[in-house]
Each structure stands twice: as C-alpha cells, then as structure tokens.
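Input: a single structure, listed below in structure tokens.
To keep things simple, chains are lettered A, B, C and D as they appear, and every chain counts its residues starting from 1.
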Amino acid sequence: MQTALSIAVDALAYGMALFIICIGLSLTMGLMRVVNLAHGAFAMIGGYIASYAARDLGLGYAFGIVLAMIGTVLIAVPLERLLYRRIYDRSELSQVLMTIGITFCVIGITNYFFGPTLKTIPLPAELARSVDLGFRGIAGHRLFVIASGLVVAGGLWFLIERTGFGIHLRAAVENAPMARALGIRTEIIYAASFALAIGLAAFGGVVGAEFLPIEPYYALRYMVTFLVVVSVGGAGSIPGALAACLLLGAIDVTARYLVPDFGNFFFYLAVILVVCAFPRGLMGRAQ
Amino acid sequence: MTKGFLNRWLPAGALALAGALTLGASAMADTIKVGIIGPFSGPFALQGKNFQAGAEAWLAQNGKSVAGHDIELVYRDLPTANPQQARALAQELIVRDKVQYLGGVYFTPDAMAITPLLKQGNVPLVIFNAATSAIMTSSPLVVRTSFTLSQTTTPLGKAAVERGVKKFVSIVSDYGPGVDAEGAFKKAIEAAGGEVKEAIRIPLNTTEFSPIMQRIRDAGAEGVFAFLPSGPPTLGFVKAFSDTGLKKAGVKLFAPGDLTQESDLPALGEAAAGLITSFHYAVSHESEINKRFVAAGEKAIGAPDLLSFPAVGAYDGLFVISKMIAATAGKQDAEKAVEAVKGLGWESPRGPVKIDPETRHITQTIYLREVAKDAQGRWINKEIASVPEQKDSGLTK
Amino acid sequence: MPAAASGSRTLGRDLLGLALIALVGLGGYWLFPDNLAFLTRVISVALLVLSLDLIVGYCGIASLGQGALYGAGAYAAGIACVHGITDPVLLILIGAAAGAVMGLLMGAIMLRAHGLPQLVLSIAIVQLLHEAANKASSITGGSDGLSGMSPAPLFGVFEFDLWGRSAYLFGLGLLLIVFAVLRFVTRSPFGMICRGLKEDPLRISALGIYAFPVLLNMFVISGTVAGMGGALAAIATQVVGLDSVSFEVSANALVMLVLGGIGHLYGALIGTVIFMALEHIVAAINPFHWMTLVGAVLIAIVLFAPRGLSGTLDELARLLTRNRWGAGR
Amino acid sequence: MSPVFEVSGLSKAFGGLKVNSDISLAMNEGERLALIGPNGAGKTTFVNLVTGRIPPSAGSVHLAGEDITKLGAVKRVRRGLVRTFQVTRLFPDLTPEEHVVMTILQRLGRATRIFARFHGDSAATDEAAEILATLGLTEVARRKVATIAYGQQRLLEIAIALAQRPKVLLLDEPAAGVPSSDTPRIEEALASLPASLAVLMIEHDMDLVFRFARRVVVLAAGELIFQGLPAEVARDPKVREAYLGSYAHAGS
C-alpha cells in the first residue's frame, strides 16, 4: 500500500512535469494546427538559459525561470515570423520536416556554444530539501512541479475559456477569414499564442529538468515522447493533455518499478492501444 | 543555361567529391597512420574529446615521430553505439586511408563489429575505452588500455563489507559492461560475506529513477551497487538517490567510477558527496607524471572541467602504439606488433600498469575513492585506498 | 506519372533509367574502390528510402517508423545467419519475408488512424520494436548488437571480405532488380489506385474500391523492400545493432526521401546518395556542424523546394507544362 | 414491375436538428427522376445517406429488391448504385482514358492487380475508347485532365459513371459550373444514357430538369413536399412557398 502510494506520488510528479512541457505543444498543434517537433528544442533553450542564469551568473532559481521564459520567447518570436508563419497551412509532412530541421539546428548550435555536457539548474534550498510525507521523503521540488502543473492547467483553462483573448483565439482557429472580417488581427493572435506555448515550454524545460536533464540532445531525445503524449491526449485539449500525461506518466513509472528491464516497452504499447481506440486522442476535438 | 551550369560544375563537383573521399590515400612514404574511432559528436562527444585530448597530450609530450616514423592521427566520428557504421569506418580506415593501427572505440558493440576485420587488414586495434571483457577473446590482435567492469568492480565487494554494508541491491544498465559489472560485484560481495538481494537491469536510456529508488527501499537493502554509463543517466541516478531520501536514510551507494566521472562532478555537486567508487584513474591522482599529463590534457581539451578517464586510456594507448611502431620498425605487421607489447609495463598517469601477456588487457591499480572537495573547493574523486595489480577477473575466471 | 505514354516508350525510359543507375553504380565501383563499404551502406539505405517512398510518395501516408521494417529484415537475416543459414541470397529472402510480415502488422495498425495519430502510431511501433529487440537480448544481442555472423560466399565463389567488392556488387544487383520491379509495380493498376487514394480517397471509394486492402498491400511490398535493405546491411557489415530499428534511422530516411523528392522512386535514390555523401564528407571534416547543416537544408527544402531536388529539377525541365500531379497540395 | 431503387422513411438528425425526415421515393428501371430543392434543403445529406457516406437515423434504402441500408459506401457502388460528384473529383495528372480504364478494370476485378500493366489491358482500353467516343471525348482522351475544358471534365465524370455499368445513377448537379455554351453537350450526353438505367438527377437548373426528367420531387427543409410531373411543379403552392420563403430568408 505504502509502495503504491509512493509510486503514485512519483507518477503524479512525473506526469505533471510532462504536462507543463507538453501543454504548449498541445496548444500549437490543436489550435494552430502546427506539428511543432521543435517544441522540445525550445524547452531545452529555456533550460540552458536558466542554467546559465542560475548557475553561472548566480541569479537564483526564480529569476532563472523568468529569464528562461523571456529569453526563449525572444528567440522564438523571430522564428515564428520567419519560418513558422509559412507552414501554418502546409501539410503535416512539411511541418514535421521543417520543425525537425529547426531542432537539428538548435542542437548543433547549442552543442557549439555550450558544449555537450549536462547542464544543471541549482535549486533553491527550499525546493532542494526533502519533505517528509509520512510514508516517504519527497524532494520539495517535486511538490513544486505538481503545484505548478495544477496552476498552469487552471490558468490556461481560464485564459482560453473565460477571457477576451481566449474568445479571439478560438474564433481565429474556427474560422480565420471570418475572424479577420470581424476585426480580429489573427496574425497577432497566432503570434501571441505561439509565444505563450513557447513560454510554457521554457517553463517546463526548467522545472522538469530534474526528470529530463538538460543536454544538447534533449530536443531529440524527448521529441517523440512529447509528440506522443500530446496525440494521446488529443491536440488542443487541456483536460486531454492532463489526462494523457497522468496516464502515461503512471504507466511509465509503474512499469519502471515493476519491470524496469522492459524500459519504455509498456509506454509505447499503451500509446498504440490508446491511439487505436481513440484515434483523435482521449479528449480530442471533433474535426 | 542549365546545361552550361552542369558542364561547368559537375566535373568540379565530382573531383571535389573524389578528392574528399580519397583524401590521404597518397600518404607520404614515412608517415604511419593511426585511425582513431570515437564519439566526437553527439551525446557522448565529451568522451570523444577526451580521446583526442589524451592522444594529443601524448604527442605534445613525446613528439610526433617514433623511431624516425611520423605518426599521423586520423579521427573518425561514431556518435553513438552503431556497429554497422563502426565496421564501415574501420573498413575505410584500413582500405582507403591505409592506417596501420586502429585505436579508440568507446562502445562495446562497435569494438565487436571491428574485431573481425583486423586479421584480414593486418591491423592491431588498441581499445581506449570499450570495457566489456569478452572483446579480448574476439580477436588476438586487440590490446586494451582502459579497464573492464569486473576489474574496477571487484575491489568494491571487500570495501563494502569492511564498511559494514552486506545486503545489496544491484542496478546496472542492460548491456555488456553492465552485465559484466553485475556479475563481478555479485562474485566479489559473496566472496567477502555479503549478498545481492536483488539484481535489476534497466535499459541504457533510462533517465527517471524514482521508481528504481522505490524498489531499493522495498528491498530493504543496506547498500546499492550501481553501474550506468556516464552521461545523463548517471546524473539522474545520483540525484534521485539523494532526493528520495535514501542517502539520508543511511543506504550506502557503491559504484564503479563511471558514475562520478570528473566532468559530471560539478553538476552532481553535493548530491554525490561521500559516494564511494572504485576506478582505475582519477584526474586528481597524486603523481608527478599525472600532473604533467593533466596539464597537457587540459590544454588539449580546452577546459579543465572536461578532462576525465577516457583521456588516460588514449594517452596510454598512444604509448602502446608507439612501442608497436618501434618494434616493427614502421612495417605493417599486426601480429609482431601485438607480440611486442605483451608483458610491456610502464608508469602511466594512473600508476604502474602492464599489458597482461595472456589477455592483452591492461593490469593496473584500482583505487577506492570518495567524492569530496579539494583545497580549491573543486569536487574530486579523492583516493582513499588502492588495490594494486588488478587483472581482468572477467577473463581469468 | 506518364500521361498517355505508350507502353513501349515508358519501357524504353525505364531501361534507360536502369542503365543509368547501373552506370552510376559501376562508376562508383571504379572511382572509389576504397569506399565500397560506405557505398554498400548507401545502397542498403537506398532500399530503405525507396520502401518509404512507396508509403509516403505513392500512398500519402506519413511515416516516421520505417526503421521497424528495415530492422525486422536486418535482425531476421542476422539471426538466421548466426544460426547457420549462410547463403546470402537466402538471407536476403529471409529479410524480405520478415519485412513483409512486419509491413503487414504495421499497416494493419497504422491504417486504423489518419493524419497525426497515424504518424504517432508509426513512431510508437518502431520504438516498441526497439525496446523489444533490446529486451530480447538472448536472441538479438540487445544493446551489444548481434555479431558473429559469417555469410557464405555469394554463389559459392565471391567472398564477403574486407574490401567489400562482392557485397557492393551484390547490393547493386539487388537494387537494380528491386528498382525495376518497383517501376513496374508503381505503374500497375494497383500503383495507379494507390496514387488515386493519395489524391482523393473519396473518388476511389466511389469507384467501388476499398482503400484498406490496397494500402495494406503496399505496406507489405514496402516491408519487403525495406527488409531486403536491412538484410543487405546485415550481410555486408556482419553485425546488426539496435540502431537499425530506431526512430533516428526512420527520421533520416524521411529526410533523405524529401530531399530527393517524393513519389517517383528516382528521388529516393538521389536523396539517399546526396545526403549520405554530404554526411560522409561534412561529418568527417567537422561532425559538430553536421546537424546544423542538415537542419538548415531541411528548412530550406520546405521553404524553397517542397518537391525535393528531383522535383525541382523536373520543374525546371517542364517549366512550360502546368498542373502536375499533386502539385499545389 | 418492382422498383429498382427505393427509399422509405429515410431520416437523419444531427443532434436535435432534423436535416432529412421521413423521405420516401421509388424509381423503376429506365426512369428519369429529378430532385430539386432550395439551398439548405438537405440535398447533400440525402445524397450522403443514399450513397452510404453517413448512416441514417431511421428508414431504409433498397437497390434491386435488396436492403442495402446497412451496407457501406463501397459495397453500394459494387451493387450498382453509382454517383457523380457536384464538384469534379478527377485526378489532374491522369488522362480521361486512364480514368475510364481504371474504372473498367475495377468493374472487371482487375483494378488492384500488382503484377499487370495498366496500359496493357486491351479489353479495357477498347471499351474505354468506346465510352469516350460516345461522349465526344476521343480527341482529349490522352491529354491530362488538368488541361481539358471544365465541360469536358464534367462529361468525363459521366463517362466514369457509365464505365461502372450502374443500375442506378445519381447525377449530382451534372451541369454545375459549366459555361452555358457547353450545356448542350452535357444535355446531349444525358440524353444518350442507356434507356434501361434509372437516373436520379439532383439539379438547380430548372430548364435542364424540365427537359431531362419525367418526374420531379422537391425537397425543402428536409422533407419531400412534392412528387409529380415537371409541368405541375411550378404551380404547386407548397413548392412556391418553400422557394420564395427561402429567398426571403436569404435576403434578410
């Protein structure tokens, strides 16, 4: 029982870390219909910036997160204008290829400037401490990740369902020409949501670094995981992404406990079964 | 227009391509080429850089010419374990670049793919790293200057029991060296009076270890033996060990030195403090020859933090190759070259070493080390005990 | 797609194409006699990329999991060879059969979905197989790779040795045969229907044709070709690593295909040769920049040459004819 | 004589919205029937229901006495219920000949042969030439579809349908988008359709409907409001109201 509880806590933390990173991708894929395989690359850039700020400049964790989000968005916005804008209405194949290309470039450049070593992001004392849950110790950082995940989910839901920006965004997604006719500047909406998605990626890259360590191949190593999680959840659905992350996180963590020698076997088996059963994802939007 | 373009550029392009492909085929008369295969890009690029740094450090100290023959190093990149590409690269080095010696090789599968070529190519292979015992049996033309897992692991058994830790969980990556490590540790700990209660093998690419930590907790072990190849996995493992409170609960972690490679230590920091590892080389090893090696190596690699054990394998590898060249007077004769270094002993930056004439693997001192800070506040592997003249027990059994 | 080309004219063009491939292949043999190991690898990968073109280019199904078929062939041939079946031709057939079976399975799963979920299924399948091959290390060698195979001489005469001449010529012969068969198959009624399904599935179903069995057949054919490529690699290098059934190999194959241009077989060959030659040269000069370069090339292709190199050349050549098959989609 | 095609009580609702309700009609061999109705009357849904694209909420469809309600779209085609498309769905890079050959091969069960030459089937090629000739497409038979006139593309749609040798043919606005100069050729083609074939034409162009159909049904707001002779349809008050009402709506 205690073991089950303990695994559940680990699964929850891992799932939430995945969620924070992936939700931005879910938004770009579901709302803007771009298969952005470079999403992980942006999470990685965030991680590098945070590591540089917090470790090399000694600015602290919180400041590192803020800098990472701002810095990554600043890098991403020109890319959106120059590259992404041209593939919004292209085929999935084109989108996949271009974003793989961007990922390769980011990896190559990162490798060139920062070297191939792992980068850590030093945690503040409060988060590094082990918190006693009664049945086991858990790193304070994991609790922070779980809380952040809940805040991100709630905040996004509110933003999209309850604010003017959300209404404009949904209008632009449903029918761009009509939205433009109504005076909504769709390109600004798109750029803003892209920036939001990238900012979340950077945030996820930083807070998730304890699970998915930051190194140049991060972008490629977890590319598949992120894509898979989003598809299982159903692109564009916040509850779907949350459900997928928690489900797949739980399967992954449990399998690693019970049958560690099988690696990701059961993770991908679950993915195949879920996608076959729900081709549009757990809570995908009907087309 | 198109035609003119093609006419003008196609021959030029073909020439360039031909030139690039046959680069170096027109070698000068008295240059001996040594092909070095290693991960110079990709996730393991740091290890490849260490190969390069070690080799260049040796050349910088000893000059580029041996007994009147110039040495030219030809590097070939093999980013990850990829036996197919390894074979293709080795084949090319032998056939096209006409190398007389092969060196390097980080991963076991790559070494296994290369060894069948050696006899036909009349080329010895000096392995700088790949650490599975069985490689040595696959060809008589292989010499190894690195270590094997059974070699580095065996002393841990006695050391653990001496510290009162007897009940172990063993965790290794599921590949050749991991299996070697698991076997050697089991044997060593049982010989010393302890036991391995549970042996877990995990895939190479694992980075999230909380569930494994839970397994350790549930097994009620006093100690953990762990082997993972250096890189992202080791970092996650050591962190998880500390984060989940196992370290605080008094569970002791013992591991071969791969887990605390010097280049990872800054990142591991406090989480690794006090960790006991056993290994053949620590950058902080106290000796005059090591100081000179480290100085040359750090210069070659560019940053002091990055130097670690693969460099010393390469450094000694070049030494062995230089002896081979001297013994064969620059002629290509793989058998004679290998024969000449059997039993060869010398003082390496890691301490006294010798090529075991039977296994062609290096016999060396294995050190017990503890992760601690040095006088400058840098994290180092501090040597606390040494076991001299360790052979590869994985082969002699 | 030849518009109203008479049978004999297409046949002539095909023979010319085959002769050209043979010529280039033999030219490679004479020009780079020291690079045959590399060139053999190019042929093996070319078979993989060709097989991917059948699915992507002819059926319009995006796949990032073609390595599953390639790896199935490689491991099947490798395991058979280790267990004493050493005839190279037989090994190729074993690889082909394994690839075909895997193609059947993969198609049956992938065809359940469309679009992005389909792509994800392809990735999940190759990853699943990767993990399975890793786990079944007693059969596959796991992370250490499968080694210890020694294929018998081809036709009992030509040995697979260090210089790799027999391996290369064997591979070249295999490529020519496969290419000829594929040219024929893609122009068969079946091939036409596949292209039709890519263009407009609704129209094809209004003709009374089920998509599923047609596409599944193509998956089997694709698997056969990819399996042969894998088997060739296993024979030539005498080792099989986990990398042969990986996402990386699949993604690279897709990149090469798109670089060369999808949907007319020649593109697959052109893309493979250019990509691998570039990789070979650039990576040897500075491996760190290789990824950056590939990335930049990919971006440039999507932006400026969406139909790949061969497609762009086509475009130049046929500047005056408008409205090509699939253009503008 | 039992009807070759019969729809009874066919209904479809999306959520609470009824787009087709309780539609019944029957056609005999050789009959020429037109279905008309204002925009949004549910004609597209009706075509989709009949061809098996979407399942009905209630009702049944019979073809030559067989209940095909539960059959999928492909099976219905194979039973002889063939349609043309309102917007041409042709392959721009293929020739008319290739389109028709492909269709004939399918009818002969040879369309998905792997080890056969597409252009090597002389029986199919000969028959295709014949069909194309009857529709006056011989001249363009070997040009890419993308390069032939739109009117010719519409004729090709009909040629493809004929090559399937249907029992019942659904013509979905065969003259839509065709310049008026070309409509006579379409009409000619329609007039030369096999006499035994039952043809259901869905069409906006009233002139065409009056010249082609012996009988007209009118669909409005998802219901059949009229069945009868073409001459009577304009006088029917319900029809007038449906059309004028909908125009009034559209104008608001």
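The definition used in the following text is that contacts are C-beta pairs under 8 Å (C-beta built on N, C-alpha and C of every residue); 3 or more make two chains touch, one makes a residue touch a chain.
Note that the structure is a prediction, hence the values are computed from the model and not measured.
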Practice item. Taking CA centroids for every chain, report which one is farthest away from chain B. Key: D
Check your understanding: So how far apart, in whole Å, are chain A and chain B when each is placed at the average of its C-alpha atoms?
Key -> 35
Revision key, fill the gap. Per the C-alpha centroid definition, the whole-Å distance linking chain C and chain D comes out as 42
Check your understanding: How many angstrom lie between the CA centroids of chain A and chain C, rounded to a whole number?
Key -> 33
Check your understanding: Where does chain A touch two or more other chains at once, residue-wise?
Key -> 111, 261-264
Point to revise | Overlap residues in chain C, where contacts from two or more other chains coincide | key: 131, 134, 288, 290-291
Revision key, fill the gap. Flagged in chain D as touching 2+ other chains are none
Review point. Which word fits how the chains touch one another: line, ring, star, complete or other?
Key: other
Review point. Can you list every touching chain pair?
Key: A-B, A-C, B-C, C-D
Revision key, fill the gap. The chain B residues in contact with chain A across the complex are 41-46, 49, 174, 200-203, 205-208, 210-212, 214-215, 217-218, 231-232, 235-236, 239, 243-245, 248-249, 263-264, 267, 269, 303, 305-306
Revision key, fill the gap. Listed in rising order, the residues of chain B that touch chain C in the complex are 2, 17-18, 20-22, 25, 40-42, 45, 76-77, 79-88, 91-92, 94-96, 108-109, 112-113, 116-117, 120-121, 132, 173-176, 203-204
Exercise for review: Enumerate the contact residues on chain C facing chain D in the complex.
Suggested key: 1, 3-4, 6-7, 10, 184-185, 187-193, 195-196, 199-200, 202-203, 205-210, 213-214, 217, 221, 322-327
Check your understanding: Inside the complex, what are the residues of chain D that reach chain C?
Key -> 51, 73-74, 77-78, 82-83, 85, 89-95, 97-98, 102-103, 105-107, 110-121, 141-144, 146-147, 160, 164
Check your understanding: Which positions of chain A touch chain B when the two form their complex?
Key -> 3, 6-7, 10, 13-14, 111, 115-120, 122, 130, 136-139, 141-142, 210-213, 215-217, 221, 252-254, 256-257, 260-264
